[in-house]
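Below are two complexes that have chain A in common, paired first with chain B and then with chain C.
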Partner chain A sequence: MKREGSPFKGVMTVALKEAADHMTSARMHLIMLLVLLTAIGAVYGAINHIRDTTSEDPFLFLKLFTTAQQPLPSFASFLGFLLPLVAIALGFDAINGEYGRRTMSRLLAQPIYRDALLFGKFLGALLVIAIALLTLWLLMTGLGILFLGLPPSGPELVRSIAYLAATLVYAGVWLALAMAFSTLIRSAATAALAALALWLILSVFWSMIAPLVAGAISPVDPYNPMTLLSNFETQQVIARISPQTLYGEVSSMLLDPSNRSVGPIFMSQLQGALINAPLPTMQSLTIIWPQISGLFAAMVLLFTLAYTVFQRQEVRA
Partner chain B sequence: MSDTVIEARGLTKRYGSNVAVNGIDFSVEAGEVIGLLGPNGAGKTTTILMLLGLTEADGGDVVILGKDPVRQPLQVKADVGYLPDSVGFYNNMTGRENLAYTARLSGLSHAQAAENIAAALEKVRLTDVADKRVSTYSHGMRKRLGIAELLMRKCRIAILDEPTSGLDPQSTRELLDLIRSLSRDGMTILLSSHILDAVQSVCHRIALFNKGRIGFLGTMEELAAKLGGGAFIVDVEADGIDLSKAVKSAKGVKSVTPDGDGQWHIETERDIRPELGRLIVQAGGDLRNMDLRRTRLDEAYDRFFKEYGNEA
Partner chain C sequence: MIRISHSQSRAKSPAKSLARVLAVMLPISAAVQLATGAPSLAQDMQNQDLKGFWLTTPYPELALRPGEKENIQLTLKNADIPPQRAELQVTGIPDGWDWALEGGGREVTAAMVQPNASERLMLKVTPPAASADKSFPIKVTAHYGNDVTTLPMTLKVSSTAAGGVKLTPQLPALRGTAKSTFTYKLKVANNGAEDALFNLAAQVPDGFQTRFKQGYGSEEITGLPVKAGATADLTVEVVPPHSVEAGRYPIKVAVADGENVANTDLSLEVTGQPEISMQGPQGRLSGSAVAGKDTNFSFTVTNTGSAPVSDIALRASTPQGWKVSYEPKSIPMLAPDAKQEVNVSIHPSEKAIAGDYMLNLTASSGAASDTEKFRVTVETSTIWGLAGLGVIAASVIVLGVSVTRYGRR
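Presenting the complex of A and B:
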């Protein structure tokens, strides 16, 4: 059965309203304060560290993102850990919140499709995250120039912008996840807890679970070195179910030009390679492309799940 | 003004094995005010949602303003306004901002929206509080804001689900006045309620829902005539006699209901007070009081659901 009219009518209205709501909400202010403080801490630590080792690296600017000074982790790993929290905070009550406020039936009685509501909410939250990320990125660049007196070079700029885009996709995965939970679960608090639980499992416990499962699936035989490889590969496949693993690989590849592979590498493959020589930006991107597509696919999949459930949902609470 | 704006045929909705709406037919003419009446769970809200295309019907079809709400939902929803049972607004926004949001969603231009909103708020007398947050509004003000939304969008048909539920008598009266004035301005209105009293004064026709069917559709007079049977009720106070037995056989008596402590309600076809008096005295009772009155509609309504309730 074909329906008439554009499903995108009203998307921008919903998106802008949602974005404005998020921008002014106390929830967003608190969590951005957290992110900002940790980011500044991480960058400050990195700057101190870089000062001591200035002459070692041609990609100093990128080092801002990846250098960690104990006890603080690097900016990139901070983002990988905290960004899901931001996305969940923005998305966990997207749909069930409308039911809770009893605005859902009134909204859907407006001449728009349900598609517009869900998509608009997703876009609105993503817009806010994009603005926050861009601000962080500019802040870092500014701090780098200010304290190191070093402007980023062209390749560095391209790499860090690609990193920014990948980060946005990563945030989109968690946002889609939070929105899927907000569609599936009627209580906003339960949806938030479910999303946070999954976040904890995937970002903290997954790295412990992966070797265990891999050991069960393809156990290591001490007399057969090939089993060691297959065990490692299984482990990697399982670890890559977590978006954090994918994102970690993307950021390590993009932010460190001397990285050549995300998987195991053999001596034969390194023959003739200039160890530690930087890869061209496009080569790094090519290596990491599957991970980026994986993240994107996860985002689309989760959004589709939310979409399908939402389309079939009864309007009355 | 006799064009049909809403036409429903064989509308059916099932939730699992439970049939919420079971083959409903009705039509609404332009400019009419129709009351959908019935107990909770009779299928009123489900019918409304199907009219709007917000719930997909399992059977039957609806034509609103010549369009199909399932295939052309945007065009239908642009002309049909809906005020849900428990209407909610964004508490952190003002009344005016809430309306501005829905105005943008329905595609009004900025200037047009501002003008319509101001006029609508004036009409529902919320202008004074328009720039206060909705969290400070009372229940009645929220309902009025909901009506302002329909006015602002200049809907041709308004569907109001339980507009008077939870309102105090004063607010109910104000809301009904508002509905009456909307109807005078040419809006076709469908409103649902489970209390007949509350809405009988504004409705041109009423549809009685019960267990997913429409048991009756027509004017108040037709309902009274259909159910009236005995159009009069005699309230009798007498001692020393059991009227239930004594009068039952009398001519013109439809039924006798005891009301405790020597009181009875006797339903009759005409004024039979003289005969009743004679009968009671002859049977040795002490007649103390006898009052004749017309059947009230809400009694008729109650009886309707008693009589027809077990059929469906």
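Presenting the complex of A and C:
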């Protein structure tokens, strides 16, 4: 039986209700507390470090995101590590939780399509993450203005907003992944474990797996320097399967204007180049655009997977 | 003093102490007299047989320059005769000459000469500026007692005679560019009878700067002291303004003390200097270009010098793999203040990474050259951006297809 009318009718109702539920849930409170504390710690350390060591920098504000003071890592790497956790926490029981609570039939008895339910759940969680990220970003900016005593310049603002958007897409990838697991696996605990396992592999162990696989695909011949290059390129391609790598490249290009490339650079390309000259913002965005669009496409495809599986599922259980 | 205070402390009877003081002092004053008299006694021993009264001068015949004051030194000498009062008289000085006889700084007509002493007198003579070259016999007479001593002299007026001061340049004509410092070496000779401090002055065209230095010294001076009969080295440095046109410029240098003036003419020749300046579009020092594509910039080559430049070659030093071509490739001739637009086509290497690169663009001829550092911001092509959009579009299409395919109630 084909549906009649728009499949998106009622999406906003579901999304807003979902967002409100997340906002008041103890799970969300705990995990946001963790993120906030670590973020404030990282920024505070960065501010102290900047005040102690930096005399002048045209992009001082962006340094807030990337400066790390031992033992704390920088704000950007904190986000790269902890945001998947937030997204998984919001998405791991999106569908199978409804089955577990036996509320799915009741929910779908309302005049909404299944499409709207899944879209709404995804958008609701994404909205919560967006609100949390915006809060964090404003907090950072405020702390920076308060402690460094200078407002961010135009290019810094553009770069940090682009970084905020890319971070949201990155969180969306993990959210879509967690929702895909929650549709595929009936048990919420198993889905959460599967998502967490994948997160651990991709963010912690992937940097060890990539060279291993690259060595097997294109081995290094010590007498042929070109194999070294192809090995490196293979390694980079494999590493970029992990959203963590893509996100790391995005944040390093956007937050450090003197970064000029994410790939290997030859000496001949550096001849005559002015090292440390900042790149125009649009150029940084152009260079990193493939990574951003890759993240976005991954998010959409993972969601499509969840959608397809959910549409074909028997819901009257 | 010590002796006096000593005697005062014991002054019991004043008469007795005074006598003692006198007794002590008298031998001392006698000894002082003996001591000062000793050299004159020795001199007299040599000229023992000379006795009498003379009027002398070192140079009884001398040349004068018209219009210049000359000091002639006269000496009255008394040998072994009692003090003499000498009435002085100068005769034979032509009418219209300025003259005076001075002793101790005042005009005198008589002098008193002690035994075995001499008295210096100064005869100051100024021939009028218009007087012809001619010799004049003059006579100075001194009447003393019943005797007369005469000093005949000949004053020769000569316009070529060595004056009080003379200024001689070693190299009077110099040549150089507008940026050179022209250094003239001059000799100042003081031929006068007295030490003199000369004021220095130079007359130069507008905008030229002059500096006076002594010999090879580094201090700038405005006055130069020269001893009588000596010479001193003087250095005059002339700095023309940088914008001066090529040509020959006269320079006049003068030295003067109160009475004498000497000047000399110098010549300074500025040769033309070609100079090239290369400027980016609207004076900018940077521009942007896309990797692997030609971008055109309009540069301007200007001759900012004062001489024409020929055969200007246009070159560039670039990073590896870059191409820079000029249109026109060279400039055959550029007159002073003339401009030439040059189209510079910059082709960054295909593999250039985004960001700033520095190029050196050079315009050079044999005589002049200029290098412009031009900063090129390389932009990467937007093809990959479109590809990224394509990826996103593809994924959205997949989603759309699945939404329509699996749409159910």
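Observations on the model:
Here is the rule we use: the second predicted complex is superposed on the first by the 314 of 317 C-alpha atoms of A that agree within 3 Å, B and C clash if a C-alpha of one lies under 4 Å from a C-alpha of the other, contacts with A are read in each partner's own complex, and residues count from 1 in each chain.
By our rule, a residue touches a chain if its C-beta (ideal position, glycine included) is under 8 Å from a C-beta of that chain, and two chains touch if they have at least 3 such contacts.
Because the structure is a prediction, the values reported are computed rather than measured.
By the touch criterion defined above, A:Tyr113 reaches both chain B and chain C.
When the shared chain is aligned, chain C comes close enough to touch A:Thr308, but chain B does not. In the superposition on chain A, A:Gly5 makes contact with chain B only, not with chain C.
In the overlay built on the shared chain, the residue A:Ile265 is in contact with chain C alone; chain B does not reach it.
The wider contact with chain A, measured as residues touched, comes from C rather than the other of chain B and chain C.
In the superposed model, A:Arg101 lies in contact with chain B only, and not with chain C. Common to the chain B and chain C interfaces on chain A are residues 1-3, 113. Residues 318-322, 349, 351-359, 375, 377, 379-380, 382, 384-385, 387-389, 391-392, 394-396, 398-399, 402-403, 406-409 of chain C touch chain A in their complex. Residues 1-5, 9-10, 13-14, 17, 21, 101-113, 314-316 of chain A are the ones that touch chain B when the two sit in their complex. For chain B in complex with chain A, the residues that touch the partner chain are 45, 49, 52, 54-55, 70-75, 77-78, 80-84, 86-92, 101-102, 104-107, 146, 149.
For chain A in complex with chain C, the touching residues are 1-3, 7, 113-115, 260-261, 265-266, 268-274, 277, 279-280, 283, 286-287, 289-290, 292-294, 296-297, 300-301, 303-304, 307-308, 311-312.
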